[in-house]
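Next come two complexes built around chain A: one with chain B, the other with chain C.
Right, the complex of A and B next:
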């Protein structure tokens, strides 16, 4: 009989630890420069994709996830360039600032349903971006640049890609652990109830706004954290870096991987997306076209995303049967 | 003292008075039927009591406490459970997972305890599991426990709706046409269980069109038509009441307005 909680077996924990350590060792010695870049992008978009997916869980389709990258990035920029805050302080404060913004804005816009929320989340994102583009203090359309390179901690140096790779993977692990625990505990169930039927959930004493705002704030925290780190990694940010296209990528990686799992979906989707994106540069002009074809192919042949490959693989091996829908 | 006391409850949608000055009183351990033709305002009364709609006028008191204008989740926490006329389901969840939803309101641990899997949180989840075992057995849902709710037979989905509500203690249960989509066997099974719930001290207010069931189940029946209460009494009194017969069957020639 299934208990309320899915327990992690010790073997799984050991396997996960070995995989992470193995990856770091591999990245340190063998990983070519180009693949370091791909891995950084993979970690960034995996985290952002998870943030998008957790909002989808409470029944809201966010079309403006880039706004949290933007707020996180600019907060880090202001803290480091104008207030001379050290990188680590700026990183954490930016994420917290992002969460507070999400708390205030979310309490208003999360009341809207379906398409109305989709539109207003996009509008919110654009308002923030265009306001920044018109604010001289934030560098207007030129943006902020000359971000200082963070000091090294131990053997991790931030003047190379490797150091950044570790940082982004660390943020990814932090986000993945949090979302994994959320999804496999009561919190994830409550989100699923709210997403499925807010009225029914409310008749059991679950206030849908509380949980929607909660999901939104957590999403903003991790997306803001990535945004802050990304701004310093790139050394410069401007409003053009946070257009709707980047909100779209958050959705694409989650949908490619499969929205059935908050953690595994974006991890797989982001890998496919970024490898594809990186190598498509060789075919000039065809990048967007081929990316579109890839999306269509995945949605057409694997409507539940790449993660469904795992299920069909297990089924052939006589493993867990696929749950019917 | 009455458990629920509703005075002068009114609600209009545009110019249409859906509920017009209705008074209802429910005592502890009582099963009260709420009947009337389609569109009489029965479901609106339910939505007004449970906070899904705000009344234009009137008061709802639970054990003497004014609960008018509270949010549905706040009212649910005070001990009023309800089901819906349309079967609402948590799509993608199994029967057992859906049942846990009804238990959350008595759980005290919050987000952080769930995140860090503390012992208090585990203890509560164990209680939820044990309670779900009891409820599955009581409602006869044990064989469906691992089935996704959206593929359950229609009658079983109605059983599940009530099972979810009784996962945590309720003082009063508001059932909106619970017998819809059930066969005769399921109907008698549900009526038995409602009687058992009554003997455990749960009051029930039930909207139902299945008159035979209402007559056998209810201690008292309230009849509404065009948003107004037109009759109230024991099943025998109601079945003889001329105003009720008129509302259901239309008036006899020459006797219009006689009642």
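Right, the complex of A and C next:
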């Protein structure tokens, strides 16, 4: 029986599906509101962390993932409040808009090598945030608020946390499946080569810019989708919600969990992050301090993240191969 | 007009300190020190404690905050960064951790509110139709003095030469008998110290809050990218260009002035991808 539980076997798929359904049923029925909120934030940051990780796979260290949350959120806000678009249309259009922005910006800045990309993505994210904070149409520093609650579809009602939980877990599954398929296919191998050495990959006939932009656009799509849904879930949006800290959170969840696995790493890291986040948010500063110390500790004592603990528990050193990055 | 002109000079000279500090730490670390802006912020808060809570005179408080935060920078370089062996991703992550920890500590101790810093001198002088604040002139003079001293130190002293040699080629410098570990710590200390001076002076003109670090980081990144990473003269030139955008730009086009400096940098990078005076970046083996 042990043989059938490989990564892609049908048994594993069934097991995963049962686990997910079980989780949703449990969260729906038994969890108090506060923990349902934690589950929602967990799904959100897992998706964002996966988006960050896919950019890392193609050898670029992004320090500005918050910009996609920001663009997605504001696009949804403008579509729903100013143009009276229905929620579902706004959700999809915002994600597409985010991808288009990523396509244009990515085609320029992904050419930059390592350090330059890091700093320019950081500066780009801050500039977008400051520009929005200065634009009256987008509510300046006050932001947009009074987002309408989406109409219910079937049994899913969005005036309660349960409805949102379904939506965000659905987005998370969508993202996880996409990234999982990408990682375990030819694309994933190409990404790993490009991440290891873009010049070498190019000399083998892989035009690295194509794959880099591809990864960037997919990452922006899911991050934008989550950003749009998050803006409507919270009901309000303002530029202070997209500071550099939130770009760092995208990398924190991936690194805490482990960058070796594109799906399980962010899932684990995000769980840890959000539990801390929920209980520390009332002490200003404690969250940043703890996350900073945790990040340093992980880099020194657990460089492969929490996921590597699994191998030490199973006494299986060097079990899963880690994709080079 | 004259007051904006003086504001430009004041701002640019402090930007030079900030960016030169980042250049020095980049030359040691080979990665952008993301915590640079938060050392700037930490320096300003240290000054706040020494000068306002402890009531020390301006000069003593300045010196003590440079020593304290510069020492912190040296500690981070020696105890954390160096143990990572120069690998790029872990170094960036480690410095983001330092950034977050500093920001969190500042919020915990001082609260998230905006506050002002005591200037060295106060008062204004009117020249013609413009009113000039003596504070800004004094800030410019201090920055100029620090820069002159730094230039002399890097150009002529033995340690300064070792710093430049280590920045150029770490292994070759080591073979010539330079203690590169000591020099790395020293460069980091000086770089952080410069950020502290800039932090104390710029936040005295603007305002101080635990979140000013990222803005300062962005400004200094724009400057060293524009000037060319690793070039001090380039940082000098670029600081004055960004200074124009942030002083004249801010008073002329108003709230969108951030776009001006970003646009300028992007335009120049299109023509000169390595920055104004950039040399190809030497990667550490």
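Here is the rule we use: the second predicted complex is superposed on the first by the 299 of 325 C-alpha atoms of A that agree within 3 Å, B and C clash if a C-alpha of one lies under 4 Å from a C-alpha of the other, contacts with A are read in each partner's own complex, and residues count from 1 in each chain.
One rule holds for everything that comes next: contacts are C-beta pairs under 8 Å (C-beta built on N, C-alpha and C of every residue); 3 or more make two chains touch, one makes a residue touch a chain.
Please read all numbers here as calculations on a predicted model, not as lab measurements.
In the superposed model, A:181 makes contact with chain B only, not with chain C. In the superposition on chain A, contact of A:199 is made with chain B only, not with chain C.
When chain B and chain C are set side by side, the one touching more residues of chain A is C.
In the superposition on chain A, contact of A:243 is made with chain C only, not with chain B.
In the superposition on chain A, A:255 makes contact with chain C only, not with chain B. Contacts of A:16 after superposition: neither chain B nor chain C is touched. Counting contacts as defined above, chain A residues 325 meet chain B in one complex and chain C in the other. The touching residues of chain C, counted against chain A in their complex, run 31-32, 34, 80, 83-84, 88-90, 92-94, 96-109, 111-112, 210-211, 214-215, 217-218, 221-222, 225, 229, 255-256, 258-259, 262, 281. By the touch criterion given at the top, residues 56, 61, 63, 113-116, 118-120, 122-124, 126-127, 130-131, 134, 243-245, 248, 251, 255, 283-296, 299-300, 303, 325 of chain A touch chain C in their complex.
The touching residues of chain A, when paired with chain B in their complex, are 2-5, 178, 181-182, 185-187, 189-190, 192-193, 196-197, 199-207, 214, 323-325.
Put simply, chain B touches chain A in their complex at residues 50, 52, 71-74, 76-77, 81-84, 88-93, 96-97, 100-102, 104-105, 107, 111, 114-117, 121-122, 125-126, 128-129, 146, 148, 151, 164-165.
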